[in-house]
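The following pair of complexes shares a single chain, chain A, combined with chain B in the former and chain C in the latter.
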Partner chain A sequence: MDDKNTILCRCEDLTRETILACIESGCHTIDEIKRMTRAGMGPCQGRTCRMLIAQELASYYHVPLEDVLMPTFRPPTKPVPMGILADAFSEEEGGDSE
Partner chain B sequence: MKKGYDVIIIGGGIVGCATAFELAKRGITDVLLVEKGYLTSGATGRCGAGIRQQWGSELNARIAMESTHLFENLEEYTGYNHSCGLHQGGYLLVAYTEKEWAQFQENLEVQHRLGIDSRAVDLKEAREIVPCLNTEGMFGATFCAKDGHADPFHCTQAYAQGARRMGVEFLTYTEVTGLQVKSGHIAAVETTNGTFEAKTVINCANVRAPELAKMVGEDIPVTSERHQALVTEPVAPLMDCMVMSFHRSYYVQQTPHGSFVMGIGPKEEPSFNFHSSWQFLEKNCAVICEALPVLRKLNVVRQWAGQYDLSPDRNPIIDEAKEAAGFYSVCGFSGHGFMVAPRIAILMANHLAGQDDTMDIRMFSKERYQTGKLLLEPAVV
Partner chain C sequence: MIKDTEILVIGGGPAGLCAASAAASLGAHVLLCERDYVPGGQLVKQTHKFFGSEKQYAGDRGIHIGQRLVEDVANNPNIEVLSEATVLGMYEDGIVTVLHDNRHLKIRPKKTIVATGAAEKFLAFPGNDLPGIYGAGAVQTLMNVAGVKPAEKVLMVGAGNIGLIVSYQLLQAGVEVAGVIEAAPHIGGYLVHASKLRRAGVPIRTRYTVKEAYGTDSLEGVVICQLDESWQPIPGTEENIPCDTLCLAVGLTPLTELCWQAGCDMAFIRELSGHVPIVDENLETSVPGIYAAGDVSGIEEASSAMVEGRLAGFSAAGALGYQPEKAKELCAAAADELRELRSGPTGAKIMAGLSKVAAKQKAEKGGACIC
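Right, the complex of A and B next:
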């Protein structure tokens, strides 16, 4: 991929140029880039951009793709409406096991 | 890298980075900051980043107010070329019991003495401020328009980059594994990337601060408690301020980006648990949807967990080790360390630079748990 204007994170509308600027400023991991730019924080939670950013990191630091640290996969795996979760709580009638 | 430094700071959260910046500003630039992950990988990167001046004790209200003034110009203050994301949409603190409502009146008096622009609002006005608020069960609320939140990643970067420009060095992905003491004075810091001599060490490792202090024989009464948060998909602006309740223990805000960030404060056993739980997900949604029913339709996109470094009186501890002079611990922020970090960093830097401060650093000593001079705070989640 050469084009600097290619979109790497579609949810947050981030170009390859933005991601490269982050890496050049010293980011070593997907997690750091995520925190600087919001890459991977949108509705798809990084399903598309995660690997694309990993490729950029691997090529910049000359390391195998497997060595790029993956960010923590955070629940829920799929967006869920708050109302459904709220009702689940009331149905368990104080299912307060915390 | 050099063999030694005047000051080594352990921990690259907002407290460590702000302290590095304030030291450098005072001419103390022979400083190394050691962080085991990346900057903001601890509580700072997991927090709600809420900033409120509506405290009940004069001390907290003052530290928060002075910190807020620093947040208001942080970009210029640190020379950062990105926005730090400060949004002052206010905090609406809601009272669900008569006792809480009475306490709020006392808190307002404390705030007004300091010149904080907060006020009591009735339920009608509360609904004007937050039209989608369900005020059932509420007695009233207080509001301060200058409260708000900022971007914790960029605030920390702002301090770090400013410090770096003045000569501070940063060593990330490096863990402090040991501390060396010689003749009652801190002498060196052992890390996974070598040992560095140091005349002064500042322990800003948050929930990990007690175990580091233990290495020089200090007991710090701080425990780690898991707190979780979640974020929804972004939507058009629905409310501008943070809504927070102590009694029902929740906070919820809409970020400038449109998503809602929220959390509840369950009582948990001390742990270093970083896992998210489905119990939190459900209970949080039940509690928040009752206060803001419109949120029922919003999708939760992500949840996460972090730690509060709880001290016995829920206020920070700043202490020099008895058996290792020059080793300072700055921890115990008990869930509100982000909003006070700018002012606490100044206090610490003034102390090390031998400069006067209008605040007496000694009152933060852990000695207060022996003398009984606790820093009590009625307005804390």
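Right, the complex of A and C next:
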């Protein structure tokens, strides 16, 4: 099996080839790659792929790993069913949940 | 509806449990949120005995230490525990959101202690998405918590303490361990664990890595190869190891997303295994009222996590006005205990990392004063 087919983001099924194509087309940050590919937007929210992608950026641009800009971290830390958010909202508004 | 609480502890592992007990012992009211079904963190699956000093229960098995910490918390009327409660977000206005029992809860704590621990690192190699490839922690959970035999034949990647200990526990569970490979030139874990494996006939090979994993529907084998001095694969050294499970024990990284969300100053510190919040001597982050304790502020052992938890718990309770003088003394004692724990040869790396954190903390504080 070829190295370019190695999976970097398991949740979104993204290979090293896909990530490298983003970098070669000008992406400098994890966030840019995320916007183009959804890398890090699956159930694990980047906990598996974040540093693997950072490593690819570091080696492509010849910078130390610590210089790779981390993405913006936003709530929620894991996927939440919309119904649960809707229930919380209607409870707060005092309206009915129908 | 917003629930008010004095101290919110996020995470019920060794650091979080000790933080809750410490804060409550001074009189503070604590709410502890644990993502899992039961608190205890990684201790619940650690069937091996601990090292360290007596104060951190050396000689006891992790699982028993965990049980004791959980009982202390359960018996303390000042502590409320929410299990199966995942903290989702920390917002600028101080509200913390939690998913619990299919409800989206809002909590407004006066102080928050982040004790979220760590996540396992993953490796990129061809075939790494095949069923049968696990983090070593997951295999340990299957085996020691769920009572499921996770494999017939395992190859372990990583000869740090987790790799060595889980390999030995796999042998105890009746699983064949084909070997342990380690990319570094030396075994990273304690030699006492390595010796037990070697005596059982398990080869430990340093300067080896995974070249690829293969299999049709699930893992059938792994090709390993030797690395040269500059960590590059040496052609012609490939070896095929048939196995149905590959265990990755290639290190942990602090689980810091809540610290990032809260806006804490962060820094990448290699010695602490990743990005960590910059904390002061009381483990308070750059965001007033938010503390970090345990692996989230740097990967260490459970013994240090317990003491850090206590330190954060005492300082948060003291800051709320609960026996501030006594809290100060207890914090100083905990800090001494940490220095002692880190005084050995394995602590040197941690100390180097922590001194970088301290330098950054001073720099940030100094910068703030000029404004």
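Simple rule for what comes next: the second predicted complex is superposed on the first by the 90 of 98 C-alpha atoms of A that agree within 3 Å, B and C clash if a C-alpha of one lies under 4 Å from a C-alpha of the other, contacts with A are read in each partner's own complex, and residues count from 1 in each chain.
We take it that contacts are C-beta pairs under 8 Å (C-beta built on N, C-alpha and C of every residue); 3 or more make two chains touch, one makes a residue touch a chain.
Quick caveat, the model's predicted, so the values are computed rather than measured.
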Exercise. Here chain A is shared; do chain B and chain C fit on it together or clash?
Worked result: fit
Exercise. Which of the two partners, first being chain B and second being chain C, lies in contact with A:N5: first, second, both, or neither?
Worked result: second
Exercise. Does the superposition put A:R35 against chain B (first), chain C (second), both, or neither?
Worked result: first
Exercise. Regarding the shared-chain residue A:P43, is it in contact with chain B (first), chain C (second), both, or neither?
Worked result: first
For this session: Considering only touches as defined above, state whether A:L65 meets chain B (first), chain C (second), both or neither.
Result: second
For this session: Look at A:R16 in the shared chain and tell me whether it touches chain B only, chain C only, both, or neither; answer first, second, both or neither.
Result: second
For this session: Specify the angle subtended at the CA centre of chain A by the CA centres of chain B and chain C, expressed in degrees to the nearest 10.
Result: 150
For this session: Return first, second, both or neither, reflecting whether A:P75 touches chain B, chain C, both chains, or no partner chain.
Result: both
For this session: Quick one: classify A:A88 as touching chain B (first), chain C (second), both or neither.
Result: both
For this session: Give, as a whole number of angstrom, the minimum Cα separation of chain B and chain C in the superposed three-chain arrangement.
Result: 7
Exercise. Which parts of chain A are touched by chain B and by chain C alike?
Worked result: 45, 74-76, 80, 85, 88, 92
Seminar exercise, completed: Note: in the complex, chain A contacts chain C through residues 1-3, 5-8, 10, 16, 45, 47-49, 51-52, 55, 65-66, 70, 73-78, 80, 84-85, 87-88, 91-92
Problem set entry | In the complex with chain A, residue positions of chain B that touch it | 38, 40-41, 45, 153-154, 157, 172-173, 231-233, 257, 266, 268, 276-286, 288-290, 295-304
For this session: Using the touch definition up top, name the residues of chain C that touch chain A in the complex.
Result: 1, 86-91, 97, 99, 102-106, 119, 121-122, 124-129, 212, 214, 253, 255, 257-258, 260-261, 266-268, 270, 274-275
For this session: Please name which positions on chain A make contact with chain B in the complex.
Result: 27-29, 31-32, 35-36, 38, 41-43, 45, 72, 74-76, 79-83, 85-86, 88-90, 92, 95-98
